[in-house]
Structures are given as structure tokens and as C-alpha cells.
Amino acid sequence: MLSFESDYIEGAHQKILDALIKTNLEKLSGYGNDIYCDRAKEKIKKVIGNPNAEVYFTVGGTQTNQLVISSVLKPYEGVISAVTGHINGHEAGAIEYSGHKVLCLPQYDGKISADDLAAYIESFFGDDSHDHMVFPGMVYISHPTEYGTLYSKSELEHISNVCKKYNLPLFLDGARLGYGLMSDETDLSIKDIARLCDIFYIGGTKVGALCGEAVVFKENTAPKHFFTSIKQHGALLAKGRLLGIQFDTLFTDDLYFNISRHAIEMANLLKEVFVRKGYTFYKNSPTNQQFILLDNKTLERLKEKVLFTVWEKPDQDHTAVRFTTSWATTEKDIEELEKLL
Amino acid sequence: MLSFESDYIEGAHQKILDALIKTNLEKLSGYGNDIYCDRAKEKIKKVIGNPNAEVYFTVGGTQTNQLVISSVLKPYEGVISAVTGHINGHEAGAIEYSGHKVLCLPQYDGKISADDLAAYIESFFGDDSHDHMVFPGMVYISHPTEYGTLYSKSELEHISNVCKKYNLPLFLDGARLGYGLMSDETDLSIKDIARLCDIFYIGGTKVGALCGEAVVFKENTAPKHFFTSIKQHGALLAKGRLLGIQFDTLFTDDLYFNISRHAIEMANLLKEVFVRKGYTFYKNSPTNQQFILLDNKTLERLKEKVLFTVWEKPDQDHTAVRFTTSWATTEKDIEELEKLL
Amino acid sequence: MLSFESDYIEGAHQKILDALIKTNLEKLSGYGNDIYCDRAKEKIKKVIGNPNAEVYFTVGGTQTNQLVISSVLKPYEGVISAVTGHINGHEAGAIEYSGHKVLCLPQYDGKISADDLAAYIESFFGDDSHDHMVFPGMVYISHPTEYGTLYSKSELEHISNVCKKYNLPLFLDGARLGYGLMSDETDLSIKDIARLCDIFYIGGTKVGALCGEAVVFKENTAPKHFFTSIKQHGALLAKGRLLGIQFDTLFTDDLYFNISRHAIEMANLLKEVFVRKGYTFYKNSPTNQQFILLDNKTLERLKEKVLFTVWEKPDQDHTAVRFTTSWATTEKDIEELEKLL
Amino acid sequence: MLSFESDYIEGAHQKILDALIKTNLEKLSGYGNDIYCDRAKEKIKKVIGNPNAEVYFTVGGTQTNQLVISSVLKPYEGVISAVTGHINGHEAGAIEYSGHKVLCLPQYDGKISADDLAAYIESFFGDDSHDHMVFPGMVYISHPTEYGTLYSKSELEHISNVCKKYNLPLFLDGARLGYGLMSDETDLSIKDIARLCDIFYIGGTKVGALCGEAVVFKENTAPKHFFTSIKQHGALLAKGRLLGIQFDTLFTDDLYFNISRHAIEMANLLKEVFVRKGYTFYKNSPTNQQFILLDNKTLERLKEKVLFTVWEKPDQDHTAVRFTTSWATTEKDIEELEKLL
């Protein structure tokens, strides 16, 4: 069946498979101590414009969020997030499992505002009644957000400035970073993100890899013995090569950016189809996830013909659903969808 | 350089790569809801002789140990292990990180004894001073053990009986299970293991897969909402197909057993080489890991020619090292080693 | 200085001191294994009308909330609470420290509604996308609430029925239970509470004791090995007698109820004073905590004359403050306050 | 019945009760913000000879160990302890519950040796295979130990030097510190302990108080926001005065030392009785806990006449039992015991 369920319904980009095949019988040390991991790290440091950054590879998003957040926070600290943040709603309590509270700010199309952030942090100063509360210890955002929306450069700069002022690390979840960077509507480059965030990760799983995320810390800011923390969280691959080879490939000849751009172009086509067919958009997303509002009847009808994801139920009669494109979506997929609608 | 460093120095068996390539563009739902995961589970249930078992796929060993143990134990319980157990010494405190104590028993060539186990558990009954202590909540063994040794059927039956008597689940870490099952010196089949253990896992990472472990629970004994616990531990792959396809391949035409047998045959050749060359064995291992005792001079000499793993330092003048074969080791590798020794 | 800061600004009721003095040199076993603990438990079981209840003594409120909630929940579960619940805002993340998320419902004068509760729980059934979310595992309310308000019998019955329907334990934080039970405006007896809640505690610290809370479970519902969990949480007193003797005294000759009633009468006088003096109430509280809205100027003036607690800052120009009476408040205290206002 | 069960079988020293009664109706702020806590802290800083130390009050021993250790350690670190250390065996896994492993060293009469300690820590340097292991993050000792034994000044200096060399904080559990300090056989003063340890606590519960421990950190070494961590662990008393008043009393006119000395004198009498009656000592303890080896018949006979604690069962035919004196033991108690033996 035709599917726009997510950006992880196919395997990996062919170039990644080719690289895995080509290197398959090379004898490489485990746990990331291999030349492909080294090479991938160098390429990432180059593309983000920071030769002193520290790069680590992990397997998936929830794991990375738990690992990074719990390694950075002190036991009495929590992480600030939009109430709609992935860590707050859809990671099965992985942050709390590691002992930390998610401190929620209001969301605007999935984003937090620098003003709300400043006001929240400010309330913790000069008033010791807060000694009975969870201190904010870092700020989590995702880009794109849960609604596929993007921070503008100005918005991210404001948030970054607030974080600097109060000495809180800013952590950007880039599980779909490529699709954000290649959107028509962004003014943020990966170098901007590396400059404005203290920690971020470059999502592989949802951008052409079988699995894998690349976590980037500014120079000398990775938590001490972070390798051991990766192990302790069960996030260390014995065959670390699997991650190194994939990221080495993704950051060769701009593959990561090119396939992300492809997904955006497919999303633009998809949007046009929904516009032409008179559908209502639930959110205005400039990235590869498109949110459509369906009445119940249409929902039932479409479900039989194409796969997509039910997102939210804003009222009894309507359902917001998500159609997603990816590096693997073809124009033919879009054409078939148009026929079905 | 020639390497016997571990059984995870190569990529994946060619048939696994072939399957990944062949299925690459199929659009499959995420998180393990795909036909390859289903099919792999059915094949595993068949080979272990228990149609009602519950099978879950995870990514790696430490992760699996943490996930299973913390999902089964109550907060006031700990897990019994040999003092040399992997969870006690080499998983960076992953069990304690999840809130539980590892309760150590003496080890005999890496194994625990049923008698020690019974005596330990027995001491918790009829004496309420133990209310200030950590209750034993499950028993962890690995097969093969950290020293490559194996439980005999009789030993495993005794341990299993003790566990049954005291109603403690028996959990077997089978990260290298294949190499244990295909050893010349074992009388335990995978059906025996499935019968005698409450929970075990079939290691993929070290037996021909890129990554992946298959956790098996007896019927109706998987912890409630185990899927959510997998997510909470950061152990859930978005592209669950990666695990399903690999295990589907490993359990087609006995691939798992055949490649494990190959590793054993290579280990037998390896042993012969060391015997011929007059080396001393540190442990007598019937599986794919061979432990050799080297004096310091020989250690330095060998290090320059071949890769292996330093294991332990029993005294100032000697070092125990590990040479490992795998599904990927060739006779040529062994021949080259013999020339070097 | 005159103080209405809280209900824990004095030591203990004189009868409690007398009992401690009288029993001081009796040689009693530790950890609660003494006749005073036994006797106090029997008296509590009698007063709540449940001879089969299980009673445990702990030291303080945050400790009790953490201990009970983390002992009842499974690792993948969270606890439902009003967003203003004490566990959500003012316990320094003690619940999250134990690995669990606080799942917030809207608050109405500090209370949750049965309808919101049912809707929230209902959303977890029949839709497996919730497998990525934290399951509700118990319901936490406090009575009185953070705003000194009370559930009516009808409200509590509705909440209790929702909990029963979905098989979620209902846990009532009674840190100030006495003041709720003796309010002029309640129709809930302690027997009602014992009938409608699965777990609750009877606060001693804020109702005349030096420290101590009495946790009550319905028959056969205390978590297994709860004594060991108390120890593990650092909540076990070596001199358990300190708790037993205090609760034995509080539940002799209705002392707990009489001193709570006294506090309510003092609160009624306090209210009258504020009404007479033309102050604005921030919340309408029928218990021993009274919330007054002050403009900034009045706030500064009062701060110099009397101690109270700053509660919230609803806007730039106003501050909500709390005046609290207790078992130890005297009419003279109220008269002096009136003079100051 | 006559009892030598423990040093927490009576209430509190009369002077403590007197102080509680005298201050009972003073209106004091909560959570330790009162003059008695301040005064007690000043007196403790004076007696230990460090005006810049930081002092905090907590309720009990297990709680204090969990709180201090988990606040000082990083997530990837564990605490080194003698295998017989209280935290390893008799605190229901409180350390592991907070996420940390107890790293065991051999014990010699309950003590660790500086040489073993140095060798253990040394093994973590210059060898990155330890990245898969739990790093030692602090050293825990108790004084007196679980067997009532004492470190000599020379032993403690050696341990302290090893800790300094490797930059590991040394934490001394002084639940029974007074009885150690006043032993005939010690050459360690409280000033020595304050100088040689980074963190230690002065036990109140077992030395004349109803409850309470005083935790002492060297200047500027208390973990940041330690007050909030106390709250998070459920260790914060609303009526902090209860701790302040008790420690203020204990450190007025040397009460703490005088009553500890009394217990030692009673223990010396007790020893003489056992010697006269021809009993065998299991351990040679210079403090208030005396360990006697009984054959089974004698054990049964004594059990009917006097209360004591069963400690260990070295073999089938013998049991080691503990007789304890305290600030409250009288010469009459000893005389009665002699008659019974």
C-alpha cells in the first residue's frame, strides 16, 4: 500500500548500503574505535565549521535525549522543554526514568519563546522559596519541532542569548535536522546551529540511515567520561563501524543535504496536491511533515487507501493526520496519492 | 593487520547484507511492526520449540541486560550474578543505574554453582533481619560465560530447579549463544535452554549481525507493557526492520547455527596452533574465545604482529590475553597466525 | 515576632511531649517493632473503621509521597496529579528522582475533576500510539489541597469511582488531613476517606507532632516488602518509637481531631479579622490556611510586623500571601494580629 | 526484659528532652532556618576546629549515606567501601537505588587498607579498557566500623593521603562517632577526623538523640544546592528545630562526648563480665558494641533471659551475637546481666 506514514519506512540510502557492503570484511576495532568513525567525525566538524567540536555516535533519538540530558544535568536539575516537546510526550518517560523532571513552557506551533524562557528562569533568582523546586539545568528544543515548524535565526539567537545569560546549555534535538536545514523557509545554516547551540544532534535514522544520530558538543563541553555514560545507557554499539560508515557516507559529497532537499521538494509537491484537492492544513509546516485536518468520513475513506499517521484529535469531528516525505519518496508516490484523494 | 580481537570486528554475514539490500525500498511500518519482525519471531519460536514464547528485538547486550533486569525486578530486589558476570564488571554500572544491586556469588571458571545459589537464597528465609538487605529477585547467568566456558545440562538443570523452588526467574545472557550451542563439548540444545530458562536472549551482534539481540520470554511472562519499557530505555529502533530482517535471515536454513559452528571449527584450529607452538592456556574454553597466558616479553612481541585483547593480569610477569574466532574467521587467518607465533 | 507562617512553627502538643518523657527510658526494640507503634496502628485502624488496614509510619510528607508512589508504580507508569499538586511543584523533583513522571491535570482551586480524570485515562485505551507515552498508574490528590480547599464527598466519590473503573489506586496526601476533617464545610469523615481511597496518610508533622506521617493501605494492598522499601528510601527511623508514641497520643481521646478543630476555630477568627479589616481573599479556604491578596505597599508594611508566607504573584502589583493557624495558635495571637492590621 | 539489643532502645538524653520542652512554644521558621540550627552548627564548627566547614542536619544514617553519596558522585561513578560496609550490606540497596554501584574492597576487622585502596584506584589509570567499568568517585568508611573497630590515626592518614593523591573525596560514616572518639584505644580526635576526611557525619540517633545526624563538609565542598537535594531525598524536616535543638544540646558542655564516654565505660564493665564468665569474643572491639561467640545451646538459653542481636553465623554450631551499651546503660544493667550469664 502507498505509505506516507513516516520518514523511516524504508531502509537506507543506496550509497550507505554500498559503503556497508564494500567495507564489510575489513577487520575494525569495536566501540567506535575505527577509521570510519574518525573520518565521519572529521567531516562533521568541517561541515559545522568547528574543528574543536566533540562528536559521538548513538543509535536513536530517545536514547540520545536521555543520555545527553541526564549526563549534563545535576541531580536537582530539570530540563526546560515546550509542553509539546518529544521528550515530554512521546518518549515513554525516558527523561524521568533517568531521574529528571521536564519543566514545561507554553508552545507556539511547537516552539518555545525566548521571552517565556527568560521569565521562567528569572523567577528562580533572588527568591529562595525555589529551593523546594526543580532548578532549570538546560534547555531542550527540537528543530524541526513536533509540528514540523522551524525556528528562525532571530528566534534561535534570542533563545541562545537567554541561555548564555543564565549559563544554561542549549540542546537542539535534530532528529530531522536535514529537513529543517533544506527547507525553503529557513534562514538557519548548520553552522548557525553549531554556533548558537551548546549541544545538538544530527539525525541519521530519519534522514537516510538505517539508524544513528551524531551528537555534537562544543569544544571541551562533553560531559567527562561520556563514552562510559554511553555504555551505561546501553547506547554503545559493539560494531561502532555501523554508525561511522553511515555518517561518513552521509557527509561525503553533501549526501545528507541533497537527500534532505529531495524530501523537501517532495513535500512541496505533496502540499500542492492537498491544496489542489481542497484539503485544510492543520499546521503550516515548511518541512517534510505535513499536517492535514480531516473530517471523520474522509479519515475513514483515506485510511483504506493510503498509510499515514494519526496525530491529534482537536475535536470530536476532526482528526489531524500527518503525511511525511523522505529521502526515498518519489514523484510517482505523489502522483498516486493525488489519484487516490 | 591480522586480528583476533573479538567476534565483532567484521560487518555482517553476506546473506544478511543481501536481505537488507533486497528489502531496502519496501515501505514498512516502524518500531518492529513489520512482516520481517513477525516472521523472525515465528522462526525463533519454532527453533526453540515453544510456540507460545514472546520474542522482542533489541539492539545490544548491555542495553538488553539493563532493560530485562530492571523490568523484571521490583525496586527492592537485586539480581544474582557470578562476581565475574558481565553485568557486574563490564557494563559501566548499567544495572545500578537502573536502581538495582548486583548480588555476587563466587565464580568457578565464570560459572555459578546451584549449591551456592540455593544457600544464598535460603539465607533470606525465616530470618527477618534480611528486611534491611536487598532481596534476590532474579538470577543472571551467561552462556558462554566471560571465560568462554559452558554450563552442562546437568548444571543448568540444577540451577533452574533452585530458581523454580524459590520462584526466581532465571535469565540467560546469550550474547554468544550460538558459539555455546555449537561447541563440541556441550550437551545443551537451544530447546533445553528455552525450557530451563525463564528469559534468555539470542545474540546477533556477535554472531553475524550488524547489531541486534532477540529476547525470549516464556509464554505470558514478559513484563506488562514491555514495548513501552523498550522505548523508555532508548532501546526501540524506529527502523525495527533492521532487526527483523537480520534475525529472519539468521533463522533461515540454520544460518545462525552453521556460522556459529564455523567459528567453533576455527577455534579448534586456533587451539591446535597454540598447542603446537607450546603456549599455555589460561582457561580451558570450549567456545570461540581462547585465553592464552603470555609472559611479558612474548606479549610485547605478539602485540606488534597481531591484534588480540588483553584480558587479565594474574601476576606481574604474565598477562592473560584473548584470541577470538567468529563466523568470519578463515583458515587463512589461522595459518597466518601460526606463521607469526 | 508574631507569626502565622505555617502550621509547623511550634514544637509538639504538650501531651506528646508528656508521653515521650514518660516512656523515655523504656527499652524498646528499634525500627517500629515496639508496643507504641502497635498500639497506634490499632487505634488508627479503629478510627478509620477498617480492622484489616495496614499502617506504616514515616517521617515527613515529601518522603512519604516519594516512597508510596514509587513503590506502587511500575517503571513505565506515572502518577496523575493536579498541576498545582505538591508533588508537581514543591518537592524538588522527588517523584522524578524515583524515575516517574507526574502527569498533570488542570486544577480548579487546587482540585482535579473526575471528568478530566476519566477523559485522560480513557484516551489510553483502544489506541496503541500510547505505547510511546507514560501510562497513568495511580492518582494523587491532597486533602486539603495546596490552596486549603476540600473535596466534597460527592467529588471524592466520583474520583474514586473513576479510579475503580480503570483499576488505578487512589492516593490521598493528608499532610493536613485533620484540618480538612474538622472544617465547618466538609461532609467527609475519616471513614469516608478510608473507604474511598486505596492509600492515604494522616499527617502528624503539621498537626501537633514533632514529625511523622501514618500511611494507611487497604487490606492486602501494601506493596510487598514495604518495610524494606521504607529502609531503601532512608525513611526508616531506628527509634521507631518516636513515631509510635506520637501517633498513639494523637489517637488517644480524639486528640488529633480536637487540636485540628481548634485550628479551624482560630482560622475562623482570623478570617473574621481580615473581613473586618477589609482585606481581599485570594482563595476561599475552609481550612487552616488562609490566602489573602495584598497590594505591594501593604505587603511591605505587614512584613515588618508579622510573619506569613508569600504564596504567589498573580500580577506585578499584587501578592497572594498565606496566614496559617494550627493546634498551637491562640486567641491572643489573633487579637494581636488584628491590632497590627 | 533486660536488653543490650542496640544503642537505640531508649529515647533521648534527659537534657535533650528538657531543651525540647523549654523551646516548645517558640515560633520558629521551618526547614532548619532557626536559631537552634544556627547555634548547633556554630558549636560543631568550633569543636571540629574548622570555622569554615558547612554543616547540614539530616534524620538518619541510611538517608544520609544515600543523600551524600549520590550528591557527590557523577552518574558514571561508584563509591568504594569495605565489603562489610553498612552501605553494601544493610541499607536495602539505598545506594544502588540512587543509581550508583558500591565498589567493594576486602575488609580487615571491618576496615579497608590504604594499600588495597591505592591498588584499586591505580588500576583505573593508563588503561582505557576501564571505560567499560564504574569509576571510583569517592571512598566510604565508617568509624567505628560494622564490627565496632577503629581506624588508628596512622591508618586514617594513609587512607586520606591516597584519596588526596587521586582526588577522591573521603567520606566517614560516624553514626556511632562518639563511641569511637571516647574509646580507650583511639588516638583520633574529632579535629583529626575533620582534617583527614572531606565529609563526615556525627551520629545523633545512636548517641543520645531521638533522631538526627550532622553532616560536615570542608569549606566550599558541599554539593551545590545541597538543601534542594535534601528535600528531593525526602530528608528535609519541616520542623528542622527538632534537629537543631538536639545538636545544640549535644554540643553544649561536652554532652556528646560525656555520654559517649559513659557508654565506653559500661562496655568495659560488660567486657569484664564476659571475660570473668569465660565467654569467647568474636571480635576484639574497643567501642560500645561487643561481639560474643556462642554455641547453639548457650544461645538458646540466653535468648530467654536477655535481649541482644544475632550478628553472623560463622559455622553451623556457633553464632556471633552483639551486646551494645549506650549513653543510657547503667551499672545495674551490667550487674543484672552478670547474674543471668
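In this document, chain identifiers A, B, C and D correspond to the written order of the chains, with residue numbering beginning at 1 in each.
Following the convention adopted for this analysis, a contact is a pair of C-beta atoms (placed from the backbone, for glycine too) under 8 Å apart; a residue touches a chain by one contact, two chains touch by 3 or more.
Owing to the predicted nature of the structure, the values given are computational and were not obtained by experimental measurement.
Path length between chain B and chain C in the chain contact graph, taken as the least number of steps between touching chains: 1. Common neighbours of chain A and chain B under the contact definition above: C, D. The most distant chain from chain A is D, comparing centres defined as mean Cα coordinates.
Between chain A and chain C, the centres computed from C-alpha atoms are 42 Å apart.
Rounded to whole angstrom units, the spacing between the C-alpha centres of chain C and chain D is 33.
Inter-chain centre distance (chain A to chain D, centres taken as mean C-alpha positions): 49 Å. Looking at chain B, residues 75-76, 91-93, 97, 99, 131-133, 228-229, 231-232 sit in touch with two or more other chains. Those residues of chain B whose C-beta lies close enough to touch chain A in the complex are 1-3, 5-6, 8-12, 14, 17, 20-21, 23-30, 59-67, 91-94, 97, 205-206, 210-211, 228-229, 231-239, 241-242, 307, 328. Partner chain A is touched in their complex by these residues of chain D: 70-71, 74-76, 99, 131-133, 135, 224-225, 227-229, 231-232. Contact residues of chain C toward chain A in the complex are 75-76, 78, 89-93, 96-102, 129, 131-134, 310.
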